[in-house]
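Given below, in the form of structure tokens, are the structures.
Paired with chain B in one complex and with chain C in the other, chain A is shared by the two complexes that follow.
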Partner chain A sequence: MFSEQAAQRAHTLLSPPSANNATFARVPVATYTNSSQPFRLGERSFSRQYAHIYATRLIQMRPFLENRAQQHWGSGVGVKKLCELQPEEKCCVVGTLFKAMPLQPSILREVSEEPPRSKYIHPDDELVLEDELQRIKLKGTIDVSKLVTGTVLAVFGSVRDDGKFLVEDYCFADLAPQKPAPPLDTDRFVLLVSGLGLGGGGGESLLGTQLLVDVVTGQLGDEGEQCSAAHVSRVILAGNLLSHSTQSRDSINKAKYLTKKTQAASVEAVKMLDEILLQLSASVPVDVMPGEFDPTNYTLPQQPLHPCMFPLATAYSTLQLVTNPYQATIDGVRFLGTSGQNVSDIFRYSSMEDHLEILEWTLRVRHISPTAPDTLGCYPFYKTDPFIFPECPHVYFCGNTPSFGSKIIRGPEDQTVLLVTVPDFSATQTACLVNLRSLACQPISFSGFGAEDDDLGGLGLGP
Partner chain B sequence: MADQLYLENIDEFVTDQNKIVTYKWLSYTLGVHVNQAKQMLYDYVERKRKENSGAQLHVTYLVSGSLIQNGHSCHKVAVVREDKLEAVKSKLAVTASIHVYSIQKAMLKDSGPLFNTDYDILKSNLQNCSKFSAIQCAAAVPRAPAESSSSSKKFEQSHLHMSSETQANNELTTNGHGPPASKQVSQQPKGIMGMFASKAAAKTQETNKETKTEAKEVTNASAAGNKAPGKGNMMSNFFGKAAMNKFKVNLDSEQAVKEEKIVEQPTVSVTEPKLATPAGLKKSSKKAEPVKVLQKEKKRGKRVALSDDETKETENMRKKRRRIKLPESDSSEDEDSPGAYEAESPSPPPPPSPPLEPVPKTEPEPPSVKSSSGENKRKRKRVLKSKTYLDGEGCIVTEKVYESESCTDSEEELNMKTSSVHRPPAMTVKKEPREERKGPKKGTAALGKANRQVSITGFFQRK
Partner chain C sequence: MGRKRLITDSYPVVKRREGPAGHSKGELAPELGEEPQPRDEEEAELELLRQFDLAWQYGPCTGITRLQRWCRAKQMGLEPPPEVWQVLKTHPGDPRFQCSLWHLYPL
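Up next, the complex of A and B:
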């Protein structure tokens, strides 16, 4: 772990100055490939309907699901289309789920100005299975509250007299095939941070951010810690670099003459971000993903932030502005992650409470954000659905979660994935260090001291 | 010796200057490795306490290490006050580093001032922020200028150059000329290249303001006709000087000499464009200076107080270049610069006659000169008054005029002709009116329909 490795060197700093001060070289970039090309959008046309994305999603997922169905229920199981169903006949159907939710926000209810809820599930929600041509209501042993619209799955059961499909069992596409990662001989770390929340006015988090930058760039700490920090080969900023408050749209409601000379709140925040990125990219390769509150497009996949916003930092080639979702292979380890919009959207429409659990669930259904485009904004793709996992990553993360979590899960074909929920830094002052060699993740948190006497509480060291 | 020197330095900073000396601040100030700075601080604390145990010295430390929390081994990095150091240390399972973070005379209530100190010193050392760090990254090389895209480079160049100019210019450039700046920069020099020496053209690239004025200058110069090459040389000299020096009085005097020579030239046609072009060349305040000087010369000895008053400069520029769009003339009024100029250009042609008969009688550019010279005040009031006088033809001319009233009431008004002016028909000597028109032109240009976009074609109409 980072701490243990850092503690291995002798403490030298509580002593008079010595002439020699060690300087460590940052571990060089061994291999890095950015595989986010499917998430880059070129010419965008919004004149298409969203039905196409569902159609292509089903077409792409069908083979995986038929495979899984045969693995689960035997190779003799009949996979039928809805139009071919015979009553009382046990068979398997592959289709897309639709959950009819009375509480789902609709434009009519928006007009009535209901306050936003944290969850929109309701006991009266119903599941409907749709395939290319038809749809059918589902009942039976299927967890209605947990599942969300847009999931493609295979159900096993039979259609009843009332026209509903009685489900006996169901399965998802499960993990995609995974290429094994080549073994590493030295410890290398990747730092995952999200939710810096600049421009939010939180002074405490600014010191934390500065401490984070200082640790990574080797200013803070004793030699052992600096040596370990030199093994951080990459930093990934997973979204929400700017705070929610920079998005205030008061100026839209005010008269023009009142707001003529006011500056958008995001301008100062972007300047601060530029300085932070400059410090980081002068010392370590950085990948910057946009998030929900960042100045880029709203729909998924979010395009990279524009380099003109960072005049100081873009001078360094170590700065990379990437998409959300982002996938890349760093030193042979395949990373895939989002800034958290997919997980938080599923959280709203499912009974699942733990973000880590939701993250795992998206991996199991083999789709990054099944609720797009239903409740999460998405570009109207029609040729392919880029959110389907073509390949299983080694590290799968999502940013801006309320708390840190990490878990290693195994797939049916011996895939191993490290799941990481990267917490919101502005609230928790915590980032994640992923060890590429051991595929372990350690949280790293920062604190200053406040006016209250209980410093230990601030550190989380209290009783 | 050198050893003791740092102790004295720290002593001075902490005790005498009452500063908060953080390790980072000390590192940048003394130019030493961060670890050495930390050791220096520790050494100072130890010695000071040894010699004077009652020393008023408060120290904050940085502690880092690992801690088991929620089942994870969490790496903690914390800045703590001295009195809490032991408590925090005891809670950590493994201590990775401890070192002095800062020394200050007063007890700190919270860690906010620490952040501010670090932030301030960082801001002044942004370009070499990792110079004294313990980690050096070989991959973090600033991009060579050739590698970055030309547009971003141009943007950066113009941006940097803008920031080095006076505030007037900055204000004016942000009037929507920012983004197109780079584009214009590339386009305009082509048209001007023939007119001016390449040096001059190179200078035009530096500020976007120049682009517009350059275009006008070209037309003016070409309209004037033959003097172009000769003037071109003069211009380039003038231009080169102007671009290279910050605006100083001595620069102006040099320019004044040049202007004098130009002034000597007999033909009006020369004078006008000459006046026009120098004025046009002055995108920056530097350029404005020579104009004022020129006027000063004409004014025969009335001293022009050079001031930074951007309004004055813009006024002058406006006077000189009615038809030339001067983005910076927008500073004092919140009007649309293009619109203002456009409106202005049609009106000058109509009143070709100088109801300024009086004007030629007096110095060529009395109003402008006077106003500029007399006008050392920042505030001017524009009052619309009706002036009636007998012009050369024996016609009574009544004009509505914006009179600029500054503190000295004896200022001649800056005349601006509105469409309600009675004029003697036609023949207003087209030629000699260059001078005359210059007078009123300057007057009108200055105030009244301020900020009108002067179109290129306005020049030809006047002929």
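Up next, the complex of A and C:
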């Protein structure tokens, strides 16, 4: 992989300067298409309720679930609506889940100033299935703590005398159809970084960021490392470019005369970001996705950061400011990813602990963020729900996770997806390199001190 | 001098026709002349649109115009009745036709 290539070249550092210096041309991106158009908002009208999203979500997902139900439980299984249920008759129902959680933050409890918990699950949580007209409580072989509100699924079982539906089995829409990626002849890498956390005040992470920029632009290391760096064809910054501390709103509570001359912390941080992006985009195409703490709208889908904030870096056409979630086809490989708000919201309301497991689960239910709009802010769409996967990506990532993880999963129709959880750079100093040819992912870690190597090879490589 | 200016002068004067009990519900009694026929047709069209609003198959009707709801149903393959589209095309800009049943209520 990356480091093995570097080791093969002869060492040229600490030798007298030669007449001809080696130059490495960066691999050009053969094809790039940005397919994030569904996540761009045109007119923004908030005078609508969220019922439309749920209705369109159910209508769009119903055919996929009916197909899967027939694959799982035989083609003769009856798919019924809740109003057509007969007691004690085994049938299949397709609907949206709602989890009634006593610990769910509500505005009444917010007033009582409870400290925010990391998980809101409780043994008394109950699952309710809703279809277009009715709702029914679920009991039986269904994992209440793992599932979250907003998931569309098909349950198989029968309704009992107490009015609840006894579940014997259930299934999700599973992976969407996938177009195969064209084979590549050379190794090309895409670097995924998230959580740069600028403006956070930590000098340690700034050094790590500068090292990262130097590695990518080929200013670090010997000819071997420079040659490898030339194989990085794209950099994707997956959110949280600014630190959480730039969002502090202390100045709002203080008196005006105390805060007159203070500047928002994000202004300085954005200037630093502009300089870093300038260095990066002078050398490699960069895609910048906004995250939870970045200056853009709060609700999903987050719109691209405004180019006026980056006067230096926007001079280069290699800088692309993109939406969160972001979808693109790079050299024939479909990428889809978010800055992590969807996964961390599911983490709060589900018993699943591993972010990689949650990422895989969202792919299996065929929805990027089922908890939107219930507990995660979302724009009130009415025409379609853009978070349903129309097609299965080849690389699916999410940013700002506590640790690096990568896994290759297979779908029922031979789909292959590389899942990557990109760790928070300000905490872990680790970025991810995805090899487009072999669909393997390797972490690359930067330390400010010690004689440690730059690259950690052999972790989490696919088969 | 004219009569004293009352605050109610700022409101338009509307004379309500109060018939004897049993007739106050309305002008269903056919009157002679051309006026009732277009009104009956219009009433029938409005009734068709109201039934379209209340049909659960096409999703919620509040917050969007009937045309938007019809187009959404068409795109999703739910086969909404084409007569509704015809009626909506023939009365563009008229809020009684274009907006949903509950558009006067906030959200």
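By definition in this document, the second predicted complex is superposed on the first by the 448 of 463 C-alpha atoms of A that agree within 3 Å, B and C clash if a C-alpha of one lies under 4 Å from a C-alpha of the other, contacts with A are read in each partner's own complex, and residues count from 1 in each chain.
Heads up, the rule we're going with is that a residue touches a chain if its C-beta (ideal position, glycine included) is under 8 Å from a C-beta of that chain, and two chains touch if they have at least 3 such contacts.
Predicted model, so just to flag it, every value in this text is computed and none were measured.
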Overlay on chain A: chain C relative to chain B, clash or fit: fit
Centroid geometry (CA): angle chain B/chain A/chain C, rounded to a multiple of 10 degrees: 90
Partner chain(s) touched by A:S445 [first = chain B, second = chain C, both, neither]: first
First, second, both or neither for A:Q327, with chain B first and chain C second: neither
Contacts of A:I59 with chain B and chain C, given as first, second, both or neither: second
Chain A residues touched by each partner, larger count belonging to chain B or chain C: B
Chain B versus chain C as contact partner of A:S36, first or second or both or neither: neither
Partner chain(s) touched by A:E132 [first = chain B, second = chain C, both, neither]: second
First, second, both or neither for A:A51, with chain B first and chain C second: second
Which of chain B and chain C A:K383 touches, first, second, both or neither: second
Minimum C-alpha separation between chain B and chain C after superposing on chain A, in Å: 34
For the chain C and chain A complex, residues of the former touching the latter: 56-57, 59-60, 62-64, 68, 72, 75-76, 78, 107
In the complex with chain B, residue positions of chain A that touch it: 1-4, 6-7, 11-18, 21-26, 28-29, 203, 206-207, 210-211, 214-215, 217-226, 228-230, 260, 275, 278-279, 281-285, 307-308, 311-312, 314-318, 404, 406, 430, 433, 442-451, 455-456, 458-461
Residue ranges of chain B touching chain A (in the complex, touch as defined): 3, 6, 23-24, 27, 33-36, 38-40, 42-43, 46, 60, 62, 64-67, 69, 72-81, 84, 87-88, 91, 94-100, 108-112, 114-115, 118-119, 122-123, 126, 129-130, 132-143, 148, 152, 155-156, 159, 334
Touching residues on chain A, where the partner in the complex is chain C: 47-49, 51-52, 55-56, 59-60, 132-133, 380, 382-384
